[in-house]
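Quick heads-up: structures coming right below.
You will see subunit A twice below: alongside subunit B first, and alongside subunit C after that.
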Partner chain A sequence: MSELLQLLVSGLSKGCVFGLIALGFVLIYKATEMLNFAQGELMMMGAFVAFTFVNLAAMPFLAGFAVTLVVALAFGMALERGVLRPMIGEPPFAVLMLTIGLGFVLRTVAVNIWGTDPRTLDVPYAGEVLVVREVVFGYDNLIVIGATAFLCGGLWLFFRRSRLGVAMQAASQNQLAAYYSGVPVKRVASLVWGISAAISAAAGMLLAPISLIDQNMGFIGIKAFAAAIVGGFGSLPGAIVGGLLIGVSEEFALRYLWPGFGEVTAFVILLVMLFVRPQGIFASLQKKKV
Partner chain B sequence: MRFVLTTRYAQDVALFRHNGQRFWYGLLAIALLVAPWLMTNFYVGEAAMVFIWAIAGVGVMLLVGYTGLVSLGHAAFLAIGAYTHAALLRYGVPLPLALLLATGAAAAAGALVGYAALRMTGVYLAVATLAFERIVAYLVEHGGALTGGVRGVAMTQPQWFGISVIHSHFFYYLCLGVLALCIFGAVNLLRSPTGRAFVAVRDSEVCAESMGVHLARTKTVAFALSAALTGLAGALMAHKIGHLVPEAFGVNVSIQLLLLVVVGGLGSLHGVVFGAIFVGFLPQILALARDQLAAFGVDRVPGLEVGAYGAILVLFLIFEPLGVYGRWLKIRAWFDEFPLYRKATYKKQKSYLRTERVH
Partner chain C sequence: MTEPEPLLTLRNIETYYGPIMAIRGVSLEVRERSIVTILGANGAGKTTVLKTICGAMDPQKGSVTFRGEDITGRDPDRVARLHLGHVPEGREVFPFLTAEENLAVGAFTRRRANLNEDLALVYGYFPALAEHRKLPAGFLSGGQQQMLAIGRALMLRPQLMLLDEPSLGLAPRLVAEIAEIVVRLNREQGMAILLVEQNARMALDVAHYGYVMEVGRIVMEDTCERLKNAPDIQEFYLGMKDQGVRGRRRWKQRKTWR
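So, the complex of A and B:
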């Protein structure tokens, strides 16, 4: 029983990270209809930037966290302005390939700045555990879950209550109508990229104490993509739910199924889902019909 | 500039438009046939590798360039072709039959993925193919005696008329022949209703469907054909690699195939050849670049290869979406219209987001 609970918590925390990255995908997709395959690499960059501030510059953890979010926001906006905006109106697969290329470039940049050795982020809660009735939970896992809940709450309020959030929703529902109503669509798209990069960076910083920081950590972005689709692409709660589902099943598969199978669980779930219910758990997008 | 006045239907469907084309392609064919006798064995081998890339490139081009479906998992078809071929040869199946069966196996896998892909819009497909690739990679790594697991499996190199398959000249002509067949087949396919349907699906699914194109069938056929050619290339590549290991067919290979079609020029078979030359010789170019960097005191750039692939992909997509072939067309237009060429002819026009959603 205690083992099951522990697996569940570590699976949920992993799922939260998947969910956050998936959230980044979905935000960008809803606002600009672009698929960003470099989302995992944005997460990696976030983790490395946090490593620079917290470990190398010896900033307090929370301050380093905040500064990293700002840097990621700026980086995401710059990326949109410099690389993605010239691609507006190009076919979707061109944009997709562009972001794949971008991911490769980011990985090489990271290797050349921070080296190939895996790094650990100095967090104040590293290695500490919470014991409830002889069941041991790692603080790192619990904090991931808590922080994800907090971030989601913040985003929900932002999209519901703030002017900018509503403008973003409008732009993602219908760009032209939003433009006519005075929403600065270009600037909004830029900001969405920024926010998405910041969320990914947060995911990277939360993941860093659990796994190590290296240039290949961005590969979990692929699993996050699977999570986004399982949840129903284009649905924000769906991204989180999909992430949790994949995170938990992966954790259980790693423990109980054939060796190495855990690594492909996400993809098996994805393919099964695409056969059974291609629109995902929370269907929100419809395809144009003739 | 040459204008061809067509007076007969046969002229309209002819493979070559005019004698100029016949002359230049004939010259190219002769050059390719005599080339191995003028080169060292190393370059003959490299040229054969370029042909193999081009075969896979034709497959990817049919899917990405002509049907507009992106696959991030073509390395899986390459692996299926290679491992099937290796297994069949081990059981003593003759080479041509093994090649055909390997192609067939890849085609079947492609049809399966394509069929699964029908229910998704374009973007879902990319992820689904990636998922498929990861699952195939898992199966290859845990395939027991059939795939040799992570340690890999040695390739049987059969004899043909007393010559080993991997004899550099024999292999060169084998790959050249297969490539010529593939390109000939692709050219003919693209002039047929199926090929036209591919292009229609690429340009607008909604439009194609309302013109009576059977979307599901077209996409499945495109996928199966593309996988078949890639599998064939995989089978040939297996001979070249000699010892099959899972890393030889990683995600990087899928990206290299995409790089090939983008650099060559999406939507042109000429582009495939340009792209194959580029991808085939890129490692050598990068090795040279590495030496140059070492001269400047930068002795180690980790991940240079991967970064260069990514950067080239990004730069081409932003600045020359039509690739090398597109650039060649522009240069040719400049010469054709020599004193009268207007700069604005190929200027990128302002374009807007074409949405595929309903609101």
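So, the complex of A and C:
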């Protein structure tokens, strides 16, 4: 029983990371109809930037995290403005290749700045545990779950309640009508990339204390992509739920099925989902008008 | 006393879809507090003219002047900021936002505005929207969606409103209702309106001045009183039989375009 609980918690925390990256994918897709295959690399960059502020610059970790989020926001916005916006009107395939290329570039940049040795992020809660009735939970896992819940709540409030958030939804539902209503659609697209990069960076910072930081950690972006499809591509809650489903399944598969199976769990779930319910858990009824 | 400068002036506009020249040198004027209509069969280029005015399309040649300012080639959000509202063809609403949220987006540019006052104004014109304010716009009926689109443009407190075929696909009772709203907005709010219509009878009843477009050009312009009595207009735009045939052809074409 206690083992099940522990597995569940570590699976959920893994799933939160997948879910956050998936959220980034979906946000960009909904707003700009682009598939960003560099989402995992944005997470990796977030982890390295946080490492730089917290370990190298010896900032208190919360301050380091906050600065990292701001850097990621600015970086995402600049990326949209400088790299993606000139691609508007090009075939989706070309944009897809561009984002894959972007992933390569980011990995190369990371190797050149931070080297190829795996790094660890110094957080005060590393290795600390919480024991409840002889069940041991790692604080790192609990914090991932808590922070993800907090982030999702914040995003929900932003999109439901704020003037800008509602305008962003409008722009993704009907771009031309949003334009006619005076919503600066181009700047909104930049902002979406910024927010998406910041969410990915948050995922990287949360993951870093659990796993190691290296230039290849972004490859889990592929699993996050699977999570987004499982959740119903285009649905924000779906991205998180899909991530959690894959994270938990993977953790249990690693423990109870043969070890090699863990790595393919995400894709098995994806396949099953595509057969059983191709529209995903949260089918998005959205018919896009541009 | 000299004539005041028109609110909106188009001079020799030429607009292309890729290599296709859709607008072939159009000039027109909308004076303050007037209702002007553009008539024309499908494919004449009426929608393209409106898109060129609001900045969704850039003209290759010519200029657009609004309130004395050259707005040629400006992005649509910046044009909207000058209090130029645009109700596009085909009831473009935000389907997953509630009716009230749709209206709130319409007031996006007016940061310091009193949202409730503006909402009350819109609900005054469209009581049905007040009833369904919490409903996602996608669930509204066609007529209500059209009213929502007009209401959303009203939230800009426009000095000029571009209205693209507001009566399209609506039952006769709703067409009359929309026509009445157009007249009231013009009278009560002092709003200038540029109305594009295939329903020539309605447009000529409502508007003061009219332009007739054919394949990208303006072929006739006059006061609506005189247009109504022009033989060509009576034959091609007000003839009942003719209109029925055009209506059907129009839908066929629609399917192949999208």
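Points to keep in mind about this one:
Everything below uses one rule, namely that the second predicted complex is superposed on the first by the 284 of 290 C-alpha atoms of A that agree within 3 Å, B and C clash if a C-alpha of one lies under 4 Å from a C-alpha of the other, contacts with A are read in each partner's own complex, and residues count from 1 in each chain.
In this text, contacts are C-beta pairs under 8 Å (C-beta built on N, C-alpha and C of every residue); 3 or more make two chains touch, one makes a residue touch a chain.
A quick note: this is a predicted structure, and the numbers were derived from the prediction, not measured.
When subunit B and subunit C are set side by side, the one touching more residues of subunit A is B. In the superposed model, A:Leu79 lies in contact with neither subunit B nor subunit C. In the superposition on chain A, contact of A:Leu69 is made with neither subunit B nor subunit C.
When the two structures are aligned on the shared chain, A:Val105 is found in touch with subunit B, with no touch to subunit C. Within the superposed three-chain model, A:Gln173 lies in touch with subunit B and with subunit C [touch as defined at top]. Of the two partner chains placed around the shared chain by superposition, subunit B is the only one that A:Glu33 touches, whereas subunit C remains out of contact. Of the two partner chains, neither subunit B nor subunit C is touched by A:Leu151.
Common to the subunit B and subunit C contact sets on subunit A are residues 173-174, 286-287, 289. Partner subunit A is touched in their complex by these residues of subunit B: 64, 68-70, 72, 116, 119-124, 126-128, 130-132, 134-135, 138, 141-142, 205-206, 209-210, 255, 258, 262, 266, 301-304, 306-307, 309-314, 317-318, 321, 350-359.
Taken in their complex, subunit A has these residues touching subunit C: 163, 166-167, 169-170, 173-174, 176-186, 286-287, 289. Of all residues in subunit C, those touching subunit A in their complex are 54, 56, 75-78, 80-81, 85-88, 92-97, 101-102, 104-106, 108-109, 149, 152-153, 155-156.
If you check the complex, the residues on subunit A that touch subunit B are 29, 32-33, 35, 37, 83, 86-94, 96-98, 100-109, 111-112, 115-116, 173-175, 215, 222, 225-226, 229, 233, 258, 260-261, 263-264, 266-268, 270-271, 274-275, 278, 285-290.
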